[in-house]
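Look for chain A in each of the two complexes below; its partner is chain B in the first and chain C in the second.
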Partner chain A sequence: MIIDDRQKDAITEVINIAFGRAADSLSQITGQRVLLEVPKISILPISQLVEALSEYVKGELVTIHQIFTGTVSGDAMLLLDYQSALELNNLLSEETLKIERITGSARDILTEVGNIILNACLGTFSNLLHFKILFSVPRLQLSELDTMMNSIVIGQEEIRYAMVVTAKFRVKDNEVGGYMIIVLGVASLDVLINAIDKLG
Partner chain B sequence: MYYICLYAILKYIFKTKQNLKIFKTKEGAIIAKILIIDDSALSRRMLRAILEAAGYSVVEAENGISGIKKFFSDKPDVVLLDLTMEGMPGMEVLRKLKDMDKSARVVIASADIQTSTQKEAIEAGAESYLTKPYTPEQVIKVVKGILEGTNHDN
Partner chain C sequence: MQELINKDLFSLAILNWIDKIADQGIFATDTELIIRSWNLWLERQTGKLSKEMIGKKLFEVYPELSVKNMSTYYMEALKGQVTVLSQRFHKYLIPIKLSKSEAFFEHMQQNVKIAPLVDDDKIVGTITVIQDITERLLRELELKKEKDEWEMTFNALPDLIAIIDKDYRMLKINKAMAEKLGISQERAKGLYCYEYVHRNKFQPELCPHRRTILEGKTFTEEIYEENLGGYYLISTSPIYDEKGLIRGSVHIAHDITKRKLAEEKLKESEEIFRDFLENAHELIQSVNESGRFLYVNKRWKEVLGYTDEEIKHLTLKDILKPESYENCIKKFEETKSGKVLENVEAIFITKYGDEIIAEGNISPQIKNGKFICTRAIFRDISIHKRIEETLRALSVLDALTGLYNRRGFAAIARQQLELAIRMKRNAIMFFIDIDGMKWINDNLGHSEGDNALIDTANILKQTFRTSDVIGRIGGDEFVVFAMNIGKDNAKILFKRLNQNVNNLNKLKKRPYKLSLSTGFTDIDIGHPPTLEEMIRKADNIMYEQKKKKKIQRIN
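On to the complex of A and B.
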């Protein structure tokens, strides 16, 4: 699957706007400035996903998944390393004691934060391209990267190639950092490219 | 003339009772009961804090079915309803509430920022649509507007 430079540029711009809105949401939730790097886009065979993502994240991860269907379907994820997830929870929790493990209430907080951020991103994407997307209930997963990636493949068997968009963010003055990742299957990728072409 | 006056008085009393306009806190907020239906404890906690600080009383439900039951048992003046929830989705809760009680005043409070979803909710009878994350001012403005009859989102 090949996309030309003009299409890649247009996708990058749409993704930039969408991830920008997501970062803004995170900033509003935490009350702190959020720094966002320029999103990177690549189209990969699904078998290479683990290798590609292991460049960014290592060890135990906290992932909030938002599976979506509709005009395009796929899996959007907020990836946090374990320490970042704890820090993010401590920023938002009403508990005075800082926690050291992801517990029931921390799961709820992180899931809702993921829900808001991923919806901000995908919703902007959908509004710009006139799509209609339906969101599943977000779920939080605690696992290593390869286990997490296997759950994506099992969930969506049509995926052979995937567009992977990664954007690194960091909450300023805190040790909270992570990645937003969108994985789209081949069929959705075609729809996306057609919609991008119509943008001109 | 007597009947016209009587009709006007009764109509005024009925409207006042419906909107609870005569009961206000020191800050000027209408005393009213708000039902929050959201599966996230974080969202419920944030909304509760915002609403109680403004003088409203709050009832919570953590899913759609429980929310519908509380709507009829607690008779809230306004419902704040999430869309993406386990079990019954918020859009279905909205349609059921409006089917069962046309006067139900429901505000969607969701992370879904899609304009198509907002349109669908308003067409299904929602009074207004708040996107997460919201500020306390946005929440109070919408709730107050509905209670005072000055909200024109729908």
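On to the complex of A and C.
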């Protein structure tokens, strides 16, 4: 599957706005300025996903998935390494003593935070492109990267290719950093590219 | 069921099913947010029956939902979005009061999911799932309390404590350690201990942490760490993860700088002391109860010629001359009762058979009333002894009585005798012997014997003229050579002698009566005798008198 530079720019722009809103949400929750890098977009065979993502994250991960279906379907993820997840949780707790393991309560907090960010991102995305998207309940997963990737389900489609959008964010003055990733199936990609072409 | 809720978007089809069996609160509304379903769990918890609830507007039944701005989420749900509300931020959605007696929380604490209700790809309302997490929170609070207490203890300890992972990264350090390193506990997290604490590029070879990781055991090590400003006793114990694998180790560093410095000082003074002992010119030894050597100094080894290995097999008996042994052992035994003995003379035999005459002090070491060893410092007086002997040989006076000894007497008296013969003058040789000297020595001791000798010498000095030559030529044998007197005068002198003896005995200063046997001879001018002949003759006459005395006593 090939997309030209113009299409790529257009997708980047849409994603940029969506992620921008998500970063805004995160900044509201944490009360800190959130720095966002320009999203990178790549289209990859699904088998190369692990390799591509392992460039960004290592070790044990905390992932909040939100599967969406509708005009386009896919899996939107907020990816945090373990330490960042702890930091983010501690940032949001009023407790003076910090936790060192992800407890039940920490999972709840991270799920809600993930939900807010991903809703902000996907909501903007669907508004801009006039898509109708339905969301599933977000779920938090604690695992190594490859285990996590194996669990990605994208609608009922057989996925051969996926568009991976990564955007690194950092919460200023803190060690919290992570990635937002949207994985789209082939069919959804077609729809997306068509929609973007129409925009242009 | 949770999986089912997560996996599929909600649909009316599963709603009826969920309604009956759910262990969570589930209710559904239509697009107007009018309640369309209210499950059993909610009936039980709220006391509100579904037949009362169905048909009512959610925000009218629970006006506090508007206050909490929940309508936004319901609007989002009607647009297709799912909202997750965690207890941390929102506490609860549907207010359910908990009974006061058991309640830490006033209301049931809830995690909530608000999602669109979809039928045939069309959003027909919302569905809300409520999970009661009150008990879980209480458990977490309990755990947290325990953790806080543990953390407080961890931070209150004065020892430096660090939890270090397998890659030598500090996972956690306590307050004391953070203060020592001059960083915050937070900042220390993830730093390599060998880099940050020890200022090394690599982990040290002998690091107990490494051994703990490899062997899974506790190790302790005393180290000096400049960066921490002193000496530390470090112990590392393994910590395990949930799977039972070694995750790292916990380091406890106890500051032993004070003790170490004191020890060093002690060692220094010990070294000075040992050096002093080792290099002393005296022979220094300590001997245990069975006569084995616990310590001997360098000089001792030099003089006696034994090596360290040989000394291990030696006892006191091996190095003492047999004649000296008994006396020494007696002294040695005496010290066991705590007595300190001075000027003890001993004759040592070196490895090569040479005799070493030594004199010194012996003192016992007694600890808690128990004898440990005797310590002895001996001076090698062999040379002194030899000089003493030479001097004694050259001496003309008897040390005890101050009279001439045999040698002195012979020299002076011989000269006088020759003079007398040349001048053809008479002279007399007296021989005096103390009666019962052996008895005195045996029964009253040698010091009383010495007294008898001194008394006799004094009496002789009193009795004879200053020009007469008086000598002690044997144990209790005295001789006097007097010039210019004849036999008659000699008898007068004997009378005076007996008088002086009687006077002394009258004073009763001694536990015995002094008694002297005497004999004398003069010079036959026709056949001038030698000095030795005169002494022998006088001795014989004295002997005759002594015999007579004995016979008289027997009779």
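Worth pointing out:
Just so it is clear, the second predicted complex is superposed on the first by the 192 of 200 C-alpha atoms of A that agree within 3 Å, B and C clash if a C-alpha of one lies under 4 Å from a C-alpha of the other, contacts with A are read in each partner's own complex, and residues count from 1 in each chain.
Assume contacts are C-beta pairs under 8 Å (C-beta built on N, C-alpha and C of every residue); 3 or more make two chains touch, one makes a residue touch a chain.
Source: prediction; values computed, not measured.
Contacts of A:L92 after superposition on the shared chain: both chain B and chain C are touched. Contact with both chain B and chain C is seen for A:N119 once the two complexes are overlaid on the shared chain.
Legend: residue contacts after superposition of the two complexes on their common chain; A:T103 is shown touching chain C, with no touch to chain B. In the superposition on chain A, contact of A:P138 is made with both chain B and chain C. Contact with chain C, but none with chain B, is seen for A:T69 once the two complexes are overlaid on the shared chain.
Shared-chain residue A:S25: touches chain B; no touch with chain C.
On chain A, the surface touched by chain B in one complex and the surface touched by chain C in the other have residues 92, 105, 108-109, 111-112, 115, 119, 123, 132-133, 135-138 in common. Residue ranges of chain B in contact with chain A, taken from their complex: 39-43, 45, 84-86, 110-117, 132-133, 135.
If you check the complex, the residues on chain C that touch chain A are 5-9, 76, 79-89, 111, 113, 115-116, 118, 123, 133, 136-137, 140, 144, 147-148, 151, 171-172, 186, 190. Taken together, the chain A residues at the contact with chain C in this complex read 66, 69-70, 83, 92-93, 95, 97-98, 100, 103-105, 108-109, 111-112, 115, 119, 123, 132-139.
Note for the complex: chain A touches chain B at residues 21, 25, 28-29, 92, 94, 105, 108-109, 111-113, 115-116, 118-120, 123-124, 126-127, 132-133, 135-138.
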